[in-house]
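Two complexes come next, and they have one chain in common, chain A, joined by chain B in the first and chain C in the second.
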Partner chain A sequence: MSTQNPAADVSPKPVAAPPSKKGGMSDLAKAEERLAYLLLLPTLVILFLIAIYPLGSVFYYSTTDRRFASSQATEFVGLDNYQQLLNMTVRELPRQLDEAGQPAVDPDTGEALYARPNEVLITDDGPRYRDVTTFNLLGKRYVLGATDRDFIDATLATIIFTVLSVVLETVLGLGVAMVVNSNFAGRGPLRVLMLLPWAIPTAVSSRMWEFMFDPTRRGFFNVVSQKLGLTDGQVSWLTERAFQLPAMIAIDVWKTTPFMALLLLAGLQLIPSDIYEAADVDGASKFRQFWQLTLPLLRPTMAVALIFRTLDAVRVFDLFQIVLAEKRYSMASFAYYELIKNQKMGYASAASVIIFLLIFIFAVVYMRALGVSDEQ
Partner chain B sequence: MNNNILGKIVFYLLVVVVVIYLIFPFYWMLNTSFKSEAQLQMTPATFVPRDPGGTGAIDFTLKNYQAVFQNDTFLRGLLNSLIVAGVTTFIALVVGSFAAFALGKLRFRGKTPSLYLILAMTMFPQVAVLTGLYAVINALRIPAIPAMILSYMIFTLPFTVWVLTSFFRGLPMEIMQSAQVDGATPFQTFRMILLPLTMPALVTTGLLAFIAAWNEYLFALTFTSVEPQSRTVPVAIALFTGQVARQEPFGEIMAASVVVTIPLLILVLIFQNKIIAGLTAGAVKG
Partner chain C sequence: MKRSKLAVLMSLLLMAMMILAACGGGDDTPTDGDASTGDDAAMTEDDGAMTEDDGAATEDDGAATEDDGAMSGDKQVITVASGAVGAELELAQNAAAMFEEMHPDVEIRLLDSPDLADDRLGLYLQYFETQSSEVDVYQIDTIWPGDLAEHLIDLGPALEEYGETYNISRDDFFPAMVENNTVDGALVALPWFTDAGLLYYRTDLMEKYGYDAPPATWDELTEMAQTIQDGEREEGNQDFSGYVWQGNAYEGLTCDALEWIASFGGGTIVSPEGVITINNDNAVAALETAAGWVGTISPDGVVGMAEEDARSIWQAGNAAFMRNWPYAYSLGNADDSAVAGLFDVSPLPAGPGGSPAAALGGWQLAVSKYSQNPDLASEVAVFLAGPEVQKMRAIDGSLNPTIEALYEDADVLEANPFFGSLFDVFANAVARPSTATAPNYAETSRIFFTNVHEVLTGDTDAQTAVENIELDLEDLTGFEVGQP
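The block that comes next holds the complex of A and B.
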């Protein structure tokens, strides 16, 4: 158990000269300052080596076509990687025409038929767009095309996942926190139970839920949904696009709501109970007490919890990589596969930079919106 | 009065719903881990392991657990995880408490920027440095286990420094002054007087650092991709393959998951108050 400062050995000066009585404050202050720098040094060196320098090199790689584990010379490509990742277009899909030149409809359903996305996206000149998704707006149908369909899809998936899971976790977390905040028998065991989903590795919870989402009636969700008469019990929850994100959100909500609830619970316990007594005397309803006392007083705690959760959700990796692998990407798992499988280091770095900037924007917006920046 | 009883019933119903929601996936994991391959293939899946012959009798098997404890990749993963998480925690506490002492109790120029740097680092997204860090580790030819230990400092060290700094700051200044009067250097004061007082905070931050390092997946997966013998438990479970190729051995995967969950359950049972205090330290003071 070495409590000796490891950096002291390389220092040319003694850690702290014994303060001489005549030296006065300035010598003592200098010695104190020197000691402070020495003590901070290991932390700063480690953080520089593993975070700041790599971050700088990620920014640099993102402007090159560097490949991983390759002897091929690396060339500077400017913003080409970013252009490839982010280049998008929205084009209107024209109606299909029947033989008579009239807009065609599906003979079975009566729904309008539109041209296939590739017909409007692929042109002889210009970038090669591929369709990400189609959507309706004001009675017309549009297609979103992107040069890197997977990355844009990963970005949309990550944003939808982040917004929905954080909102659900906050609302449910607040509910659970208020339940646990009341004094009742069994509160202690419940708190242990709440820590458990947070404490287990995401790898474990992902595998657990993966089997519950099994595409046959071996899986819990297929058994239940069939018993309720909702499905035929053969739903591929993790392969069908419509179910992928809801499944991811369900798993994340299970794992993280208790954590959210514990944070909010700590905030609730800081609120003195006599203000509620006063509100009772004034005849304020429980509902009004919640909106006008609890929520405002909980705001600082909620702000911090929201920031941490959002930043965590934007960089989601474990869950997507384990449960969906390459069936659907999050931004982080996209970057991982580009690096490890495709060995495209420059390209993966550009994706990482975009994640970094997105997280940065989320953090700044939150701090502004919730007013936590100056009060600290 | 009637209203009161009704309220109580609704309240306890809510509690029951929350409890079932929290427990059920664990129950399903346990249930699956006790099923044989034949029982796993039964449709619809049974809520307790039942005899596949059709008698419906309850029938547990421990075969999955036997397989897991004979699985070298998994056992090695447990050992690797223990080493990585243990050493990470130790280094983070030693290095972190130095920095926290300086930031919490000493006066020096550049303190505020240092504090902001550390705070910003606690929110740092690991994936943002993945490619750069991998390049550093390859360039320095660091093997996977030390590479994981080093890289885990990214999320353990800033957090440790941050929590310990606020703890040191809360210790009364008189302790330092009286030690100084007695002729102790600031470092002696730190080592012999402040550090023992910090023990509770060290336990709390150490636990959180250990759990975070034990659970980490992104760096572990990346750095062990060419070094499978260094895989940690989360990677081993994510990549778990059985004797028979193609078919995913969910019985064994769930048994392995149970084995990993039990020590964490024990940690949580023993240290629940410390863990909650550590988790909420940042949030509530914020």
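The block that comes next holds the complex of A and C.
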């Protein structure tokens, strides 16, 4: 879990970047440079203590089989933990054959029948793969197998969750920000009200949503869907795989859109109003103003907001832990489970390192794609 | 990262405390709300010596501890991490006061631990990881003795030594509980209070539909539940269900499914001898029976229900039968309950050719190996697990004793008339295979309940599920495969 501080990987470079012509520096400049480094020293020491040292220990533990709260001797296992976590395979599922040796179809639906995933995944030699998911490609059916299906499933769930929730939050947040940025009576109170979901602790709002997803007709969603004639009012939303991620995304969007709107509102307020007046004079439509003025000028703010939200979403823990617990993991709640329930500290550390690397990749991609580093 | 931040914070706090304590002069009366860290700092300061001496005291025992005791107002301090659910904290305070009255030189401090078992385990593991002497006596779940054994002392000798004083011996406890808490021959925890799955049934509805006894077999239950459900729905209560239980994918489902399988004669997933027995016809039949309830006598949503979901349906008067723990009894008879006085409990039904089985739950008392005063801590544990305290807790808190004789005690039965019918349930309780599979029980249970849940939701068939459980458990534990 200790890998989750984004400060560790996006930390600013030392601000006192030395000038390029180093040899030509005056004594005064050199003295100033020394002072700058001296003044930076406390920060570096603190950074080492709270970021580099713990991160380093997590890297180290991830190459061992260390058990949490156990006297069992720790052994170096190299990259075994990573191999166990990430080992995957894709295999084709052969068609089932009927008595006549012809490919079989389901007598009721007419759909093709395939072999069970276990039949192709379990072999006498090599690691044992479990099926994560099956999919169709070019008329054939394949199974994705992994040695740790929970981790692969958690990774897929985390990525889907991250992409969908951040996209929705950005779009909705931008809409909300534009509304509360315009002039109307009661704008101030509305801005405060808008922030309410963000102000509620996740632990509380998660529980609230859990009640709404109740599997009986006490639950909001069951009542509504039954009234609309969609279900019989007995849907167990949180245990059905198809509904788990949409539920998580809904909760996160509800909770975090205000935060996104707040950040984007700040960006919108930085845009001077006279350029819109000029655009009006030039006859640009509101639509065009949005695409050609608002969005480009909002880009730096949006980049920061996106990075914030994405990194937050990749390490999502509380939401999954509270609402889904062991039914479905995010990467972080998987690491927690392995550490606390299974006491596999080495294994959990390796999972944490992978979260860290994923966050790192996201951060780099964003910085490149949105040009954050150039502009600041 | 969190830990070292915490360490920095803690050391800052400690420094602040030392300064405060120094300013406060000789005043060493600890206030009630004081965090234990604060007390420690105060003690250290009073002693005049600094932390090194305190550290030395940790290694020594006996005599050194006497001195240690002198530090905090001539008293030896024993810290007990106990539950604070419902009346538990108050009961523990009463018990502590009883002990302190007998031993004026001892002070018992109670550390509230988190209500949720998982959070509690997380907290305990952090204490054990740092070999902390902060807590002497731990209240541990029935599935933890195997996992935590290496941090706990053998309480067998203490039970011999203090048993006579406090009127308790090993044979007084239910044998299944003693066996559950015995790891490699060492009794690492004393059963404190217990739990087991029960069948709750509506006496008024049984009468209305002409049944004179609770169901003895699952088939009877299915038939009765269906009849009552049909009748009640016909009368207009569309939310009425025949049978509610815990079908969510979590530890509770492990308990429920273990009961079905054991009552069908399908074994206990992994036998106490360490043989994986789950792949057998009886287990398959049990799971198929249970899957057949979903959407018929139980609502579809049962696959998302935990204890409290089932209880809220039951307590609103919307179910004929419920599987739950004993705690639902007193709540069901509370003033706000629609079923107060209209229900009773019985052992869970049996499968064909099997006998009723109830999953064993409950909490134990264990003494940490890292305690500065293991001898006194063991005495406290023996006292707390003794008949005097257990009787008080049974009468005042409806907590089920772990001592067989208390189920015949007139005072206990007067306070909890239903305890009498529980004796057979506890006597036949089935422990989850936590001790045999330690330290892999958490994963064992998860493999089990995930696969069972897939059977309940219809995503897989029972035969495939037991095969998968067997294969996964083979990989996890390396145990042999066999029949129950």
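Brief remarks follow.
As a working rule, the second predicted complex is superposed on the first by the 326 of 376 C-alpha atoms of A that agree within 3 Å, B and C clash if a C-alpha of one lies under 4 Å from a C-alpha of the other, contacts with A are read in each partner's own complex, and residues count from 1 in each chain.
We take it that contacts are C-beta pairs under 8 Å (C-beta built on N, C-alpha and C of every residue); 3 or more make two chains touch, one makes a residue touch a chain.
Every value quoted in this text rests on a predicted model; they were computed, and no experiment measured them.
In the superposition on chain A, contact is made by A:53 with both chain B and chain C. Once the two structures are superposed, chain B and chain C can be ranked by residues of chain A touched, with B on top. Once the two complexes are laid over each other on the shared chain, residue contacts for A:303 go to chain B alone; chain C is not touched.
Using the contact criterion defined above for the overlaid structures, shared-chain residue A:232 touches chain C, although it does not reach chain B. By the touch criterion defined above, A:240 lies against chain C but remains apart from chain B after alignment on the C-alpha atoms of chain A. Residue contacts after overlaying the shared chain place A:193 against chain B, while chain C stays out of touching range. Contacts of A:215 after superposition on the shared chain: chain C is touched, whereas chain B is not.
By the touch criterion defined above, A:122 reaches chain C but does not reach chain B. In the superposition on chain A, A:70 makes contact with chain C only, while chain B stays out of contact range. In the superposition on chain A, A:29 contacts chain B only, with no contact to chain C. Residue overlap on chain A between its contacts with chain B in one complex and with chain C in the other: 2-3, 5, 49-51, 53-55, 68-69, 214, 216-218, 222, 340.
Those residues of chain A lying in contact with chain B across their complex are 2-3, 5, 15-16, 18-19, 29, 31-33, 35-37, 39-40, 42-44, 46-47, 49-51, 53-58, 61, 68-69, 176, 179, 182, 184, 186, 190-197, 199-209, 211-212, 214, 216-220, 222-223, 226-227, 233, 254, 258-259, 262-263, 266-267, 270, 300-301, 303-305, 307-308, 311, 314-315, 317-318, 321-322, 331-332, 335-336, 339-340, 345, 348-349, 352-353, 355-356, 359, 363, 372, 376. By the touch criterion stated above, chain C contacts chain A in their complex at residues 1-5, 8, 118, 121-122, 125-126, 128-129, 147, 150-151, 239, 248-250, 299-305, 309, 312-313, 439-440, 442-443, 446, 450, 453, 457, 464, 467-468, 471-472, 475. Across the interface of their complex, chain A is touched by residues 11-12, 14-15, 18-19, 21-23, 25-26, 28-29, 32, 40-45, 94-96, 98-99, 101-103, 106-109, 111, 114, 117-118, 121, 123-136, 138, 150-151, 153-154, 157-158, 161, 180, 183, 185-187, 191, 195, 211, 214-215, 217-218, 221-222, 225, 233-235, 237-238, 240, 250, 253-254, 257, 260-261, 264-265, 267-269, 272, 275-276, 279-280, 282-284, 286 of chain B. Residue ranges on chain A touching chain C, taken from their complex, read 1-5, 8, 49-51, 53-55, 67-71, 116, 118, 122, 128, 130, 214-218, 222, 232, 234-240, 325-327, 340-343.
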